[in-house]
Structure formats: C-alpha cells, structure tokens
C-alpha cells in the first residue's frame, strides 16, 4: 500500500448543470469541470451540499461521480460525497467510488434525524472500519447533526482510513481545537474548511485548504486567496478575503442556498438549467438581480463569461491581468487599513 | 369524482420490521399491520418520520407502501409518506401510490436545505397542481424547514388536492391559528397532530386526529384516549394523556429518535431487527433498560406481548379488561386532581 | 403558623401607568388596580415580565409593590416579582415585601447570564432557605436561563417555602411532567401557566391557574375562560380560548413585547403614558393600528372603555351581557366544530 | 473641541474583587488595576459582562467606575459600561461617567426583552443624540438582543458620538461587513472584538483591538498576541492565539461564565472573594480543578502569582523571559505547521 499525500488546497464543490428536461447535462458538466481545473482548483468535490446531492437520486449521484472522475482524468483529485440512506448503502457507494479511482469520499453525518455524539461516532466507526477508500468526515451543523470535537478526535485516533475533517461550521475556535488536538498525533490528517468567508483566518491558523463554494463561481479568486495565504502575503490574502465576502454575500442571500451559486456559475457562461427546487416569483426576481450583481462584480474583477467555449483556450493568460484589476478595485480598503496600522 | 370523507382519527406511523440481513421483513410487517388494525387504529401512515423513511432506498419505500396497502386490504385507509429527492420523483411516487389505492399521501417540506416560506409554497404548489392523489402537508420543524401558518392557509385556499395538514410542531397556538383560519373556508380540510403528548388538548381544540407514534407501541391507549376525547369524557381523556406522556417520555428519551419506538414494538412481541443506524454501547444499554421499562408499563396496563401469534385472535376481547386495568393504575393522579378542583 | 391556601386562579401581571414625565402614575395605577379587581381577577402580579420590571429602578420596583398592596387592601392576594441584582438584594426585597403583606413572591432565574441547572438550583436553594415569604419559582426560558423539570422537582421537595411554579414556557408536556411528579408529594404546591394561548389545555390538565397578560387588557374574558374551564364547560372554554388567541396575537405581534399590552390597556381607557423603551416610527404606526384592532375586538365583545371613571360603577352588570355578545361572535367556529364531531 | 484618537488596543474587562462580606474590595480592586496596567493593557473596561455588571446595584456600578478612573489616574483610558434600567437612567449615568473623565462608555442593547432591530436603533439613537460622552455600541447576541449590521451602520453614519462597535458575536464575517461598510465613511470609528479565541484573525482583518476577558487573567499573553499581530509577526501571533484558546477554554468551561475568570484572577494572586452567584458543589469542585489547571498553564508560561505584592516591582523584566518560555511550549505545534506548509 502506497501512502497518498494529505488532501490540501481548494476543492470545488462542483455543481451540476441540468438540461432542458431537468436531467444531468453531461457535456456541460464536462465543460464546467475543464474550466474549473483550468482556473486552478486543486481538486473537485462533487455531491456536496452546494452541488445539491439530496436533490438527485442515488443513481444520478453515481453518474455524477462517474462523469467527474472520467473528465478530471487524473489532472486533479476527486473528493466524492458518498452519503446515502444508511450504512450499507453508503458502504456500497464507497466501494464503487473507490473502484472509479476517487482520492477519498466525504461523508456528512446522517441527515434528517438529530443524532447524539456517540451515535454519530458509531455511524462513522462502522463505515471507517469497512471502507476501502479514505474518508473525510464532513461536519455541517447548520443542515444536519453536528459532529463535535471529541467525536472527530476519537475517530481520527482510531481509524487510519479517516484522513480529514471538512468543517462547515465556520467556527474558528472549533477548528483550532481540532488542529491542536489531532495534528500532533496524526500529522497526515487534513483540516478543510467549508466556510469561505473565514478562509484566510482558517489558513493562517493551520488549515490545509477548503471545499469552497465560491470556487464554483470565481475559482480565480479563491485560488488567488489561497496562494497569497500559503505564501504568507497576508495583505494580499486579506484583500481577497474581503472580495470573497462580497461575492459570497451576493450568492448566499439572493435566494435559498445553494441556488445563488448556480446563478453565479450561469453568469460565468455555463448552462445550469432550471433548479430542481421550484422557485417563487419573488426569488426568481431576486436571482435576476443577482445575475446582474455578479456580472458587475466579475467585470470589476476583469473576468469574462465563458459563453463562447473557444475563449477558454486563452485562460491561463488571464491570471496576471485579473490580479491587476482586482488589486485596483480593492485598494481603497487597503489604504484605509494601512493608514490605521501605521 | 366521488368525494371521500375527511381524514380523521388515529393514524399509526407504522414502523418497518427488519430481518436478519437488515432487509424489510415482509411477513412480520404484515403481522404488525394486522395487529395494529385489530387494536383499533383508524389508519396506517407508512414512510413517516417514525418509520425511518430516510433510512430506506426509494425502491424500499415503494415496497413498504405496496405491502401496507395490500395487507390493509381496505380495512383502514393508508396515508403514504411520499417525499422523494425532488418534485419530479415525488410526483412519480404520488402517481404510483395513487395507483395502489392509498387514501392520500403525506409530504414533508424538502429535507436538508433550509427553505424560505415562499419557496416552500412553490414546492407544494407545483406538486398540488399536478398530483392525482390527495395531499397532506406535513410540518416537521424540528427536522426540516418549518411550514408557517400563512403558507398552509394559502395552499389550503388554492389547491383542492391539499386536504389536510399534519403538524408535528406540538405548538397548540399554531394549530388554533390554522383551524380558525382554514376551517371556515375549507370545511373538508383535516387537521392532524403528530404531537402525542398534547393529543387531548389538540382534539379538544378541534383537531380531527393525529399521526401518533405511541399508536405503534400501545395502539390500545392512543385509541382509548381518542375515543374519550371524541365522546367528551375529558376526565378519562386526561388520564390517558398522562399515561401517554409516560410511554412517550420512555420511548423518546432512551435513545435517538425513533429507535426507542422500535424497541417498544419489540416489547409488544414483534421482531423489529437491528437498527439501520448503528448504536453506541451506551445507547444499546439504555435501550435494554427501556425494554424493561416498557414491559413494566405494559404489565401495569394489562397488555400482553404478541410473541405467540396464536394469541392475536383473542385481541378484541382484551379492550374492556385493558381499560379496567389502566383505570386502576392512573386513578391516584385522578384523585388528587379531583380533590384540587372541588 | 397558619397555612394559607394554594395559589389559584387568574393573577394579572398588572402594568404600570406612567405620567407625562415618565414616572409611575400613582393615581392611575390605583384606578387600574381597582378596575382589574372589579373585573374579577383573582390576584395581582406586579413586577412581572409584562409589567416591565427590568425597566424600573430597584426603588421604583419597591414603590410599585407598596402601591399595589395598599390599593388591593386585602381584596385579592398579591404575588410580587422580587428578582433583584443578586441573592442578597433579592432576599432584602423578599423581607420588605413580606413586611408589606404580599401573599408570595415570584422569582425568575437570574437574568443575563446563562446558568446551568445546578447553579440555578443553588440560587433558589439559597433564597428558599432564608426567605420569610413564600416563593413562586418563575420559569421564563424565552428571556432567561430555563429552569428544567428536575430542578423544580428538587426545589419543591426540599423547600416548603417554595410553594408554586409559574411556567411561561408554554410547553404542555413540561407542565404535565411537573404536575405528575410534584403533586403526589406536595399537594399544596401550585402550578401556574403564563402562556395565555394554552390556558384552557393547561387548566384541563391540572393547572391551578395562571399569570396571564391578557387579563391586563380583557380581564373579563380571561376570567370567563377560567370559570368555564373550572366548571367543566369545555365548549365554552374552547370558545374563549380561541378569542384569547385573537387578542393575544394582536397584542403580542404589533410591537416588541410587552408594548402591545400597554396599548391594549390604553384602549380600555387607562393613561399608560409613553413607553420607557423608545419606539421606532414603524412600531409607533403598528401600535396605532393595534389600538384600532383592539377597539374593534372590544366592541365586538361588547366591552366599553373606562375613560369615564363614572362608568366603572356599572361594571359587574356587564358580565352577563358580555357573554351574550362574545357567544354570538364566536359561534360560527363552534358550529363548524360541532358539525365535524357529530 | 479636541478630537481624541480612536480607541485601540487591548481593553481589559476588569473584574471586581469582593471582600469577606461580599462587598466591593476597594484596595484589592486598586491593586488589581495597577497590576493590569503594569502588565501592559491599553485600557480598562469596567462594568462589562465579564465584570458581572448585572450582579451589582446601580450604586455599586457607579462606585466601581469611580475607583477605576481614580486608580487609573490617566495612565490608560477607561471605557465604562453604562447600561442601566432605561434610557433616562443610562443617560444620567453617561453624564456622571463623563464628569469622572472616562474616555467613552459602552452600552449593550437593553437586557431581558428581545427587541427588533428598529427598536434597538431607536434606543441607541435616543442615547446618542443626548449623551455628553462618546459611546461604544456593544453587541452581545448570546446574552441579549443582537444588534445587526445595518443597525450599526446606520448609527455610525448618523451619530458622531457613536465612535466604536464592540462586537462579542465572534462572527468574523459580521466584523468584515462592519469594517468594509463603515470605515470608508467614518475613518475614526473603532472596531473592537470581545471574542478572544478569534482575536488574531480579527486583528488581521482590520480590527483596532478588543475587550478581552483573557487579559484579566493573563494580560501578558493577550498583550503579546496584540503586539505580534500589530507588527505583522503572524507566526508569533498564531502561537499566542493557540495559547489563548487553551486558557479561555479552561476559564470558560469550568463553570458558568464568568466565574472561571474570577478563579483565574485568583490564581494570579488576587483576593476575588466568593461569587455573588451561589455555586453548586459540582461547580465548586470544577473550579478547584480549574485553579490547578490555570496554575499549571501559568507555570508553563513562566508566570508568577502576585500574592506577594513586593514581587510586582520586578514586573517589566519578566516580559522577555516570559516569551522565551511560551515559545518553547508551543513550538511543537509550530514545527508541524511549518512542515506542512513547506
């Protein structure tokens, strides 16, 4: 058995374009994946909360992973959401995703019911002792039973197959407790945050990366933020963090999560299709407004829509000029900040 | 088109016995259904929260309804939980359950994500305008997005196919607001509560019945409570309500819901099998203790286990003597209450 | 030592009229108290949440009790809110109120901080072991640390000076747990609810009465509801409960609690004065609208404003005609309810 | 009118030592204040949540400010908690504290009741338009009504007397929203965090300082953290942040807040006296254990108790050696972190 390096960097919870019949839009999903990789994401994270895993059938979820792994073609690792109706189904899915070649799976605590910590432990323990594939424990306390620090610590200590925590609580103290307790004993264990608006602080405090919805809309910015933080350019990192907040606030509050992020991807030029969750007229209005807001933000940041696939080719050249534009836009904030600290 | 009478009475969220391989135990489920009907439930409510619908696959959920409808064989109506991954899947399920002959379906608001009221409206509106079968809107705010009063009122006014609300909030004021607003305009609309420990107050204030987990363990008591309330025997009703509280507290707090109710059914003599949710040693201990508690309560109430199927035949005769026993047990409470009021 | 009868009936959390300088309006408070007693409340409950105890200084709180006890003049018992900054201050206040002749004090769990159950126990234990006056434990979980069932049970068992629980959680199951556990051991212990919209169910399940904000605005209705419930006229009780819901919804949601109740008292003809909590223009508008709503409801119920003190004399005669009017108003609801149950 | 510089740095919510009779211990409070100033805090923040303002009488609160201002004697600014029972009392207190010479007051949103945003605005607007002293708006959503971003922005725009926000929500995104919206229009406005375990991230993202309970126990560490962050020594800052987390977790979870912090100050050698909140035996045990934990942490960090006042003289010399010790203790964590990033 060869050891793989710890998971690190920006994993994008890639959303699923739908066709006119509301089905998975195979070719557009592939185009979207290519674009995300070209823009610099370190990994793909299909079947996450942002990618609406609960709105697809078990068969569709499998199909999404098949397409993602096939299209990634080894260019970047795939972290596959694998939560199914029960342990047996989840394990069968782990086995299948392992056979496809995913780097690891991510499993959220069982949805719907509220479980106590020791039953959450029992759930992950049963999976971890039988899975053939590395497991990332996924804490999403706003949408399902929270996984507390002692439970993650215990799982990390007892099960080598559990190799990471993806924490979407946004709680910096909780992340520090996890890092300070687990890292000394499991230096291979990775700490990922799903909370884009605290990504720089999380990286500064020792996180290895994140699974970040913003990367599905502005992968250039999430990546630039990550690079700045990794290289210790904290002034740059801070500027990107404020910009990510602007995007995420726009994407998050325009409509019930995660619909805003689908609109954001559409603003980048992808055919995302109608939502599987019917929307009220009010939210449809709000989303049209969001599309405009996002396009304005993107223009300010010098980003182009990818509506013409032929343009994708020139992608990498864009990086430098992108940065120049963004730097100009956010420098007023920087000026004030700098003035205050001197 | 012939109109059906409003839904009323005690609908039991019948749980699903599992065999040694963890699969649906067909014959035991049928025996359980026969027993519940013999004990006097007014209807069956498979694929509800107590019956762990999210821990079964879509195919299993369909199988559960097939068995339930077939075994009920028209003796009592079936209210079938029909929530699936998205509107399209839910509608296909509604059609199938309609073809099987269910009285109505019950649909909870979409799970996992938190939806705003107008998107919850949009969801039910799309289903209600296309379903062939009557729909009960199911409000379960502790486990998924709440459905507020204005949304239920609007749905009731606009969609004849929506014929009931099943409210498991336990909020008496909310139920009164629903009844006082909807009933004058939709006299055919039914109000059901899923909150067993407030069942008598809910009936007194105008509810038509309930979907009550206690009826899956002590259907005799839930039925007796209902009959007392319907006949205006409020002293009797109050005594039963206190007794239901004792059962429900024991069943609810021994382990993460709904495992205690499965143990309760096992205490009545049904082979429920291992839970699909792995349990910690602590909860397994707690459940053994619960089994003992429930058996003690059942003995106090004069109830027998149904471990020997041959005994089921004599069922109906039990009703009268059951009552005598329970009355004796709870009369201390009554005495104090009566003394206080004189 | 002579034992006093348990606390029972409707205690009104009488609000405090303010004069043009924002100070306690002595004569109007006395007129209000006289009116409340004439309308049939069983007791007065000054310095409660509805009477804004935290917006008065410690000296003002003492003055309010002095006026209330003096004006009540033994006609009805006084339950005096006595929570102060710490145990020492609270005990000094208990002693003073005892010297004034209050029936008992009501003490809420310490405000602001969140205390764990065993420290809440320690707090009440220290007070209960040193107070000269009977104590009502006041559970108000929406505004301060909740007092759980085991804590109330333990306090009731250990301290004879603790003679009642006033529970404003609105949780019927919690009340049943308290009654079924404490009453067999402490038959003198009283159970009061502060949740007006569940008052009939609470009384049916064994409560002794309530401290009810609605009684500060429509004491006639709260009293009629209580009488109907006590006499087992449950159809009448139910009708009054629906009517109380209408009033309370109007009073509660028009502005931040408890301002709506002050406007309600003003609609009955009392000079309540400007709120000590500054109001936004939006809430001021909403309160004007509320005044109109309350006046409409009062007219429907045949109630007069008390703006002309000379009219107060004819008060008691009103009771019979009041009932006739209300009965007419709510009888549509009754008709539907009766039809459904036959 | 001369403008004062914006509030910045570490303000310590200095606690109040009590004597054997439970009264304010004048001389020990003065000794504590001297020690805090000697250890490097930038300001004093009496009558805050950590200093238990609600457990003192209005007169005692005034006495605490008198002593604090007198003892500080201009060496550091004083930010005085000034929330009283209502606007009139709060304004009178503002005037008094202004006459004493405090730098500013801090006012939390009204306690106990839950107020809507526009009434919170109305409350602060009335105070801000009439106060003679600068006001810091204090957001403490865990203990009283939250003050949302639009309300703070509106207050900052309209009232020059409002010169800072002290936010104890711990929400980094909320702080970023405040900074990015208010700072461009009010460069003099200060942003303080009360969330010690996110202090480094908050400073990195632009906060001016904090009111930090840890500074009441280990002012040396809170100050060192602040200096490291201000000077851009982020590796040092991160190490201190992890150490602060250890202290705060010990201080916060040993007993109901803020009792642990009082024990922490006692471990530094101050006679804090018995808590005004009675403690259960369990919590008393837990606090003895905490005292031991804190003493161990302090020894690891090379800190001495101040039990012998004569030792205080050598204080400033300690700073350098302190740092050496702490650096050794936390360097394992650093090593791992550094390894991971290379």
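Structure notes:
Think of it as A, B, C and D in the order they're written, each chain with its own count starting at 1.
To be clear about the criterion, contacts are C-beta pairs under 8 Å (C-beta built on N, C-alpha and C of every residue); 3 or more make two chains touch, one makes a residue touch a chain.
Source: prediction; values computed, not measured.
Minimum number of contact steps separating subunit B from subunit D: 2. Each chain gets a centre from the mean of its Cα atoms; the one farthest from the centre of subunit D is B. Between subunit C and subunit D the centroid-to-centroid distance comes to 39 Å (mean Cα coordinates, whole Å).
We define each chain's centre as the mean of its Cα atoms; on that basis subunit B and subunit C are separated by 36 Å.
The set of subunit C residues touching two or more other chains is empty. Contacts between chains, counted with the stated touch criterion, involve the pairs A-B, A-D, B-C, C-D. Here subunit C touches subunit B in the complex through residues 170, 172-173, 176-177, 180, 183-184, 187, 197-198, 200-201, 204-206, 208, 230, 232, 234, 238, 241-242, 245-246, 249, 332-333, 336-337, 339-341, going by the rule given at the top. The part of subunit A that touches subunit B in the complex is made up of residues 22, 49, 54-58, 85-89, 110-116, 118-119, 121-123, 125-126, 142-144, 255-258, 276-280, 282-283.
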